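So, here come the structures, one by one.
What follows is subunit A paired twice: with subunit B in the first complex and subunit C in the second.
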Partner chain A sequence: MITGTLIYALINSVILILMALGFNLTFGISGVSNFAYGALYVLSAFVTWILLKTAGLPYALAAGLSILITTLIGGLMYRFILMRVRGQALSEVISTFGIGLAILELFRYLGFVGFEYSLPVFIDRSFHIAGAQVDAQRILLVLVSLFLILCLWLFVHYTSIGLAFRGIAQDERTAMTFGIDSDRMAMWSVAMGAGLAAIAATVIMPLGTISVEEGYEVLLNALAVCIIGGLGSSGGVILAGLVVGFAQRFTDTYIGPHWTMIVSLVAILLVLVIKPSGFFGKQKELEERI
Partner chain B sequence: MLYLSFPRLVPIIGFLVLPLILSLYWQKVLLSVAVFALLAISWDILAQSSMVSLGQALFFGMGAYFAGIMNHYLGLPPFLTIPLATLLGGLLSTLLLMPVLRLRGIYFAMVTLIIPLMLVRIIEASKIFGGTDGLSGLTPLPGGLFESYLILIALVVILFGFRRLMDSDYGLILRGINDNDRSVMNAGINIYWYKIQALFMASSIGAFAGAYLTHIYMFVGMPVFALDYSILPIAAAVVGGPGSLAGATLGSFLLVPLSEALRGFGGLRIVFYGLFLVLFVVALPEGIFHYLQRKYEQFERMVEVEK
Partner chain C sequence: MKKRLWFAGIFLGLFLLITGPFQQGFGAEPIVIGVPTFLTHVDGKESLNTLMMAVDEINAKGGVKVGAEKKLFKVEALDIRDGAPGVPVPEALLGIEKIILEKKPAALLVGPFRSEALMASMDLIAKYKVPMIGSIAMIPASEDKIRQDPVKYKYIFRNCLNAKYLVGNLIGVMTFINKEFGFNKVFVMHQDVAWARATATGVIKAYFEKAGWKVLGEEAYPTGASDFSSGLMKAQSGGAQVILPIFDMASSAVLVKQWNSMKVPALMAGFISPLAGPGAWKTFDQKIGGAINVNFELGSAISSKKAPKSIAFEEAFEKKYKRPLEGGHGEAPSYDAVYILKEAIERAGTLNADAVSAALEKTDYHGVMGRTRFDNGHQAIFGMDPKEAAVVAAFQWTDKGGRTVVFPESIAEGKIQLPAGLKTAK
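And now, the complex of A and B:
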């Protein structure tokens, strides 16, 4: 029993980390807090579903295309909307929130509600690990997350775009004197954040049904993990994902499923009140509180 | 004289005359215009004092629940519950947000976004105050013109009163906190105390709107913490023009009837709100009110200059 809870807590943590990666990447690099993140997550799941069921494409192709489309939408969103309000944190929040709202409610309006909107699992099998039954999708999800984190780490440390990302994140003006186009990099970061949301959706969504509410939940979860870990810090996201994931799973098992979301919300509040920069926040103290 | 008084008389006379000439249905719409205008004014006061809130539903819901609880469990009449809920709702919201007053910008916004969502889930999980069903069968207000005039007069008083307040030296400090908090601190002013005051005023306005609407609907439940009450006021303030409370009022005067006209589209309304937000933030950040104000003041040039 306890090992099962532990294993599922670990998987839950990995899901949270995966959900938060894209939001964290975008915020960490360009400082854009993408409140349309949850909407992009749901959007990519629905696009996959449409391509799969309506257009009849094979699953791998549909998923790949939907990741590409979501990345493109993220990029376009930056190019045509966010670029004009860049640097004004609140305009960014309001406009991305508006976009997210429009996307999510559009899907609700178009009638994308119900149990038939679910993606098939990749491999329909399950394994016994230490007495607990774990299906293949969840194991795959952990592997994908580990692979993604590794890829991201290699990407930001060894490729020129990745290095430019870090340059912009550290000091935008100095980076610009080195000929790094900050707008282009910010566009890439928003697009990649959207792409990561799409990848997360592709891997996580087969575990349940696609619903519009999921978009708000994902945004909240991503915010929770990123704030607790410290906005813009990758190590923080992983640690915070583990903390929140275990906490959620334990409340789910020992107190009741109603309280799971409250745990992460209370955690956010506590962290924001006590130490707004989170576990490993790199933001300047004075920028967040006085 | 007319040049100065015309823009001020338009809302006053308009709000006094409209309930008399509108049909019953549009009178109800006017009520929600006023409620959302109050919420938008409350958002604008907060935004002008450097606190941008994404959760006006918190204030609204606090007032609504206080009024509902006092009416349902204690049996108090609306004439007592509305003022009490205004004060208590404002006080409790202020106390809830007091620990995070030091946060700035987006961090404060995130907290305010989260608290109403959390309260909904706490009510759902612990099943207090009627849980998911809410409290129904509350005492209604005396109907007809009274309920319209109560909120409209409150709106006019709050609009002009707070406009005056924000133009006074006191408001200057609040706006100074928004512009540069550290230099206000340098002037030896305790900015937290001022922020607490601004927060209390703004949340009381929101709580009043909530308490009022509770008695109109004779119901209070989890929907009072819904995203609608957070998003629409922001949309109204952004569309109308933030920074002048009149803009917030104008915005809700445009958006709420528009949303009623779009009722046939159902959920598509929220899509339009989202798009309006984006459009105005990007294309007309000053908002309609400031645009109109600029155009109106350009009429001065048409006045014949004495030679």
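And now, the complex of A and C:
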């Protein structure tokens, strides 16, 4: 029982990390809080479903196209809407939240409500690991996440765009004096964040069903993990994902599943009271010192 | 002269062609049926579809005889969104009032989706005196209200299953499993919402505790939960022979997928809304074989060869909409309700609300769900034999994607098959 709980707690943590990676990347580089993140996640899942079920494309092609489309939408969203309000935090939040609402409620209006919206698993098998039966999709999810984290690390350390990302994230004005186009990098970061949301949806959604409500839930989970880990900190996201993921699963097993809802909320409250910048966040350190 | 006769003949022919149908009811004011419900939910949407099917059938046969003249039915539907998250009850009430005042319906069918909206709308319906046959909201408290003031609330009826009958039928399924296999260890998993909590508590108190079953655990899951691994591990480690699920959320089918992939050796038998229709097999990756689902009414996405009307209903739906019926609650009663209303209007001979309500009380209709009669709380009586009462239908998903009705015995098409690794305790 305990090994099973540990295995499923690890999987739950990886799901949370995967959900938050894109939101964190966008905020860490451009400073934009993309509140349309959950909507982009759901949009990607519905696009995959449409391409798969109505256009009849092969699953891999449908998923790949959906990731590309979502990435493109993220880039266009920055170019035509966010660029005008960048730097005004409140306007950024209002506009991204508005876009998210519009996307999600449009799906509801168009009738994308029901039980039939689900994606198939990639591999239809299950394995016996340390006394617990685990399905291949969950194992694949962990492997994809590890691969994605490694790719992101290599990208920001060894590619010109990645290095420009880091430059903008460290000091935007100084980076601009080196010829780095701040708006272009911000557009890339929003687009990549959207793409990561789409990748997360592609591997997580086969475990459940696609629904409009999922958009709000994913946004809340991503926010919770980022706030607890420290906004903009990748290490913080991983640590927070592990803490919240394990706490949720142990609460589920030893206290009751209906209490899992409040685990992340309690964690946010505790972090805000004890260390408002989160585990590794830099945003409010100055105020905290004062 | 010949020319004139020709013109006169053509004129007369055209006149008869245009006015002919009106003499059979096309010209008379239609009888408006108002359908205020949650139309973006599968049960609301499909209930409207089955209702439209009944209306088209009746209209094609000339309509409804009201006294000396024949009238057609006309449907006015409105999405009151009462089942959507965050939509307050007063907003749903505004929708019901709007349809009553603007469309002047002779009756309301299907009605509110959530029980809260039904309870709150009862005074409104009584105020405007519009007969209503609800076929989705299940709260038994509405019957108590009708019994307490039968004059005021005489217009309100329900022909779908109520929560008490649901508990009774789940108990029936568990009794049947106990009788067949000798199982008496159960793990209860349900959604953390009022109706599911009440149903789970009802089955535990009224049956499991009294019949000597061992309840290994009862877990309540928040709406939207999609990982049931810890509950399933608890059920497995405790040696559960039966898992009783009670859910109506979309992600609840994941429970069955996980039960399947984790190979938990226990019989999954209860109610999971997404498993109700035939499309669930493809939607959930063909991973639901072995699960037993109690559809709330015979005909609501499940039919039995032993009940010919349910088969005819299923075939007619497929013919009309070019796809199978999905949704396990509200569809069959919504269809039957149109015929029940037709018969009541014809018996009353008028559209007067008091007369129609009095005629509805005398309903004795043999339809898709079985025989429909109303008790003194205006609730359709459910039983175990479609010849005597309306019935539910519990079916088991086969490993090849088929569905076999296994309960009640009067309409059963086969026996329950145990999942791999589970042996009978007899």
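Following the convention adopted for this analysis, the second predicted complex is superposed on the first by the 284 of 290 C-alpha atoms of A that agree within 3 Å, B and C clash if a C-alpha of one lies under 4 Å from a C-alpha of the other, contacts with A are read in each partner's own complex, and residues count from 1 in each chain.
We adopt the following convention: a contact is a pair of C-beta atoms (placed from the backbone, for glycine too) under 8 Å apart; a residue touches a chain by one contact, two chains touch by 3 or more.
A quick note: this is a predicted structure, and the numbers were derived from the prediction, not measured.
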*Report clash or fit for the pair subunit B and subunit C bound to subunit A in the combined superposed model.*
fit
*With the two complexes superposed on chain A, say which partner A:S182 touches: subunit B (first), subunit C (second), both, or neither.*
neither
*Is A:G256 touching the first partner subunit B, the second partner subunit C, both, or neither of them?*
both
*Give one of first, second, both or neither to describe whether A:L265 is in contact with subunit B, with subunit C, with both, or with none.*
first
*After the fit on chain A, how big is the angle at subunit A between subunit B and subunit C, using C-alpha centres and going to the nearest 10 degrees?*
70
*Which of subunit B and subunit C A:S33 touches, first, second, both or neither*: first
*Return first, second, both or neither, reflecting whether A:R108 touches subunit B, subunit C, both chains, or no partner chain.*
both
*Smallest separation of CA atoms, subunit C relative to subunit B, angstrom*: 5
*Intersection of the subunit A residues that touch subunit B with those that touch subunit C*: 108, 256, 258, 261
_Show me the residue ranges of subunit A that touch subunit C in the complex, using the header's touch definition._
1, 4-5, 8, 12, 108, 111, 113-118, 120-121, 124, 126, 132-135, 207-209, 211, 213-214, 217, 249, 252-253, 256-258, 260-261
*Partner subunit A, residues of subunit C touching it in the complex*: 40-42, 45, 85, 192, 219-222, 224-227, 229-231, 233-234, 237, 250-251, 253-254, 258, 261-263, 273-274, 277, 279-280, 283-285, 326
*Of all residues in subunit A, those that touch subunit B in their complex*: 33, 81, 84-85, 89-91, 93-95, 97-103, 105-106, 108-109, 216, 220, 223, 227, 256, 258-259, 261-262, 265-266, 268-269, 272-273, 276, 287-290
_Considering only the defined contacts, which subunit B positions touch subunit A in the complex?_
52, 54, 99-100, 102-107, 109-111, 114-115, 117-118, 121-122, 124-125, 181-182, 185, 191, 227, 231, 234-235, 238, 265-268, 270-271, 273-278, 281-282, 285
